[in-house]
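All chains are identified by letter, namely A, B, C and D, in their written order; residue positions are counted from 1 within each chain.
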């Protein structure tokens, strides 16, 4: 493509090699000024890497970058910032124990004399931006205390505060609620109206359709195509991305629920700060049924799961599995009662990143035969079990059993966890955000697995912030609001809008308290 | 009564001043994300250089300043290892503790005709009330100027860390270097500055031992203070004011043990000597508890890792 | 090329480079100070290998630091920094001394008893650290530093207690001879023994001139045991999981607090064992008033890190360090260079051990360049 | 860490190489000049190391002087831990030494064992005497009557104090430090009797030979509670004691060597214990063929190996001359300074 000042960004022939791995192979990207341009590709396709090159975090091994038709050499983020590039990273770049304002001004502080911070002025500046773009945040809240959605807004504010004209959003919606996503798209349109240009990375085709003008597709580090979004439908985009046709709709037969396997009765849990987070919550899960908990982040999901898995104390109430109470014991007791949990934070709770994949595969089973005997591990058994898992769940690369889990991509890490938990043959499988950050193909795989396990008679509790996922996978939908189940539906009984309303605290059936 | 109180206060501050400098050094380094176990070694280097320069120039202040420079220069080794080479910071710090005293003694031999202790400096750092006081209370409260300097250093560090842009940057680098990096803050440069500063402060600490508490360098002038300072960093939860308080507490416990010896408390002196350490643990259990290091403390920063 | 890269990626390569660099720096310092580095290293070498008994002495010196290194390395694998090995060693020595002095059973009971006493005392001292960490979240470095000093004064308290104090000395009464773990302590000085040994100069020197004892065998066994424990047993699996990711371990049902306590108990036990073996195995078989830390534990830190925290590596690093400590004296004795040189040299080696962790990364870069050239 | 030897008393400067005893010049056998070429002498330090600013260092200086005087081949081996003694003594024997010094009575047992294994080598040990029964035939014990100079400085303190209160700071308790403490206390008592007033002695131990801050803290507290003179036998701790005296404008009394250079206006005097002189003396005896083994040499005022410095500007002539009188009385046996607590108590009641 010609170099021209009509384009906010032109990246030509970008090649990036990590170690021995070629993450980007002569990739092109051309983004017209004042448009929203999306970047689509499977997990590990190289999208984040490409954007990190643009932002100066990585140096490309080959290729040129032009901004507004000028060739530039971006060797560090400072230069990118100076050129009006702002980036919201896939993994948030926020200092947890700083306030929102501190995070926003960091590196570009408002000071009175001698480098002394002028927080008052900084606040005013931030509040001005908040007003202008409708990005609601509490400037004095600590980041560790605010919701993920708000953190997202803080990230955007950071970029705007620096006067960014070109905004890169790397998977901004992966952690947002439907409402928040809508808000974000509106914000993006506001920004465009203000003359800015946006590059957005997302795995959600619907969002691409709703937000973007053009879309560039890359696959395994190679440029595939750039299309006009209006000209393509979701299936076409998906198949371009994966390289073959995909099925976007979850196929499943109606549930055949058995007896009650799992039962929560009047559970109360407090959060880290001692405030009630789960209040008199009751629910049941039957064998052969997927119960989905729909809710906006921060309505007690975290505390509910922590109490069930005994990471925190329940104030009162009971949690029963097959009639036995397990609350306020310990995590091992939960596992011993055949509850398996896919935790939302795979790197923190799900895996020991520096253990090998094989060691991770037996994280709950290492004490049992045949994986150990008389207190000694049986490595051969562990290895053969792991290789089975790798094969069954198509973990890539297939020879990874003896390599550290850190080396796997997020999607493959997730496969290891799911495989491990399913292999525990649990009576209850709890899946929290099991598809977070995964690409379409991987999501399809996870959903199929959940349904397969349901059909084998397991009880499944699915907690997800993605309403789509709940709507398409769950047999029973419980809506969580302010730590309570405010309503419950069978699949098909209800539409997305109603549930979205309930999640946001709207009234329905007079059940709201 | 007043005598005894002033005595306790005087001894507390006398004991803690060198520790405070060392601990502040630890704080600044670790707030930027570099664990510094080498304070002891840096203090020893400062202690030697301070007296050597103080002796040859006849001016203790020059000695004090050069001690800081020397400490900073020595800390540069730690910086190179732990920042540029991304080495294990624990190991590097321990290495400095082996090299520091060895180097100090070796240099001492070279400059003081084979002796491992220096000549006494002609002038010590001054005291706040000048020379000896006839009034006992005044004498007890006649602090070394280093006591005041240590307090000022704490205040300044507190102010810089929490009220200025550099402080904000240092703290961000220690908590989340990648975030700082994406905002154009140089993690490497920030950490270098902080580690070198920590050496400067530790050097001051060593020199305040050998230019104020005593007036010469001896092979045992610094024996364990660096580790107590390290403990104070943790005790004080990585804040300048906390570390300062921890050093004072420790100094007070020592002063108290000495005082109990003076008033002939019928306790074996070995047990009295243990007292400060036991007291510290008790205070920890009762009042302090968990202390959480800056999130990235001890982790080398590599671009692009998560 | 590929082969070079492969070799460079091995941890042992980094360590060897570090040692070489350490010697190089020491050589420069020696030369600057006007000493002949060649002569210095020559005397170091002959101070280590010059006579059979030197080798034997190096091994004897290496025994306690191998074990304290093992103590540090083991804790490190579980994510704990055991800077308290020194204190654990001191209380171990005191306990072994007390029990060995107060009790006098036949060796078959006495030796295990004395060794157990030292080990248990070390375990207790480490256990306190573990408990305070598990229960109150108090940082292990903080408590360890305090406990080191408490152990120090406690030991002096014991030495100066009338019941244990040997009059006209600065020491406690030694342990009873039934506690000795030297090889054939009685036989070797008996007429029969002397006659038997006279045949072999090598044996005679080692047996008669040094306190050759069972300690090093115990240290090797301990290293193998710890290695097996860590990498082959379910307990070790738990401990490593706790060390690498406490949150994940907790979530997987592994009791984190309990494992922290267990780790510190074992680490402390290893340091205590080191002390007990010294008390039972070498002269003067007793503790005496400490005026400064003797560094048996602190040296363990250096050794553990030279070994890259590998249990088996601790054996070799312990021997290296023991050799430097013991043979290093010859540098001073033979060419008059001050003993600080040895401290600087060991410090430099440890420093380079830290630095050379970059070697495998460099190897990767080398590999990349090779790949790009190939392209 | 580094540390000073447990059984030693003092701290002083290496640069301040040798101080001479006030009363007479020259040590006992300086008269004979010996040719010591090729005569190998090795010394093994105790765990304080050769730079302990105390008796290891002083002994080594003695040997260096000896080398200067006689051309003897001298060298040292440092011990880091107690378990080093045996191996270091063995190394010294390997050097084909004629005479091996062990410094400090912590080494007594190891020296005994080594001497038995090497009957052809002479051994000597500082600060230790053996009882006749266990005395090996090739080991010489070298003892000091440190209570004698301590008595004199105690007497000077007693005569000089205006407040009637003086202090003593010890390092870590041991027989050797007892000599200083009780000799000193007896000297003070002697002065008190002479002046017919009550003088109290505050004694405190630092439980350390290295913690200068602690020495300073203890001395501060003594000065604050009314002492105006503090004597120390505490190595590096004593450096702090002297610093405290300087800061407070009070007096300190040095130990082992003349420590006046540390604070010329504040170090009243010092209790000298010239280990180097004794080491030189015994070494020369051995070189000249004398059989030194099996004996314990005791050094005191009569041997000019202990004493006080001549410089006395701070105390004035009257006090100094009175002190010389006391010295003469000790030499003549009229006064026998106590060296232990029991002896001191007996001495004290004899004064009443």
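Heads up, the rule we're going with is that a contact is a pair of C-beta atoms (placed from the backbone, for glycine too) under 8 Å apart; a residue touches a chain by one contact, two chains touch by 3 or more.
Just so we're on the same page, UniProt names per chain: A = ABC transporter ATP-binding protein; B, C = ABC transporter permease.
Just so it is clear, the model here is predicted, and its values are computed rather than measured.
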Chain pair with the higher count of C-beta pairs in contact (B-C, C-D): B-C
Whole-Å separation of chain centres (CA-atom averages), chain B against chain D: 34
Computed distance of Cα centres, chain C from chain B, in Å: 29
Between chain B and chain A, distance of the C-alpha-averaged centres to the nearest whole Å: 45
Chain D: positions in contact with at least two other chains: 1-4, 49, 173, 207-210
Sites on chain B at which at least two other chains make contact: 101, 105, 220, 223-224, 270, 273
For chain C, residues contacting two or more additional chains: 153, 156, 160, 292
All touching chain pairs, where touch follows the definition stated at the start: A-B, A-C, B-C, B-D, C-D
For the chain C and chain B complex, residues of the former touching the latter: 29, 33, 81, 83, 132, 136-139, 141-143, 145-147, 149-150, 153-154, 156-157, 160, 292, 301-302, 305, 338, 340-344, 346-348, 350-351, 353-355, 357-358, 361
Chain D residues within the chain B interface of the complex: 1-4, 11, 13-15, 49, 51-53, 173, 202, 204-214, 216-218, 220-225, 235-236, 239-240, 243, 246-250, 261-263
Chain C residues touching chain D - in the complex, by the definition given at the top: 51, 53, 57, 60-61, 153, 156, 160, 168-171, 208-211, 278, 282-284, 288-296, 325-326, 329-330, 332-333, 336, 339
Of chain D, residues touching chain C in the complex: 1-7, 47-50, 75-78, 80-83, 85-88, 90-91, 94-95, 105-106, 108-110, 113, 117, 171-175, 207-210
Interfacial residue positions of chain C with respect to chain A in the complex: 232-235, 237-238, 240-241, 244-245, 247-255, 364, 367-368, 371-372
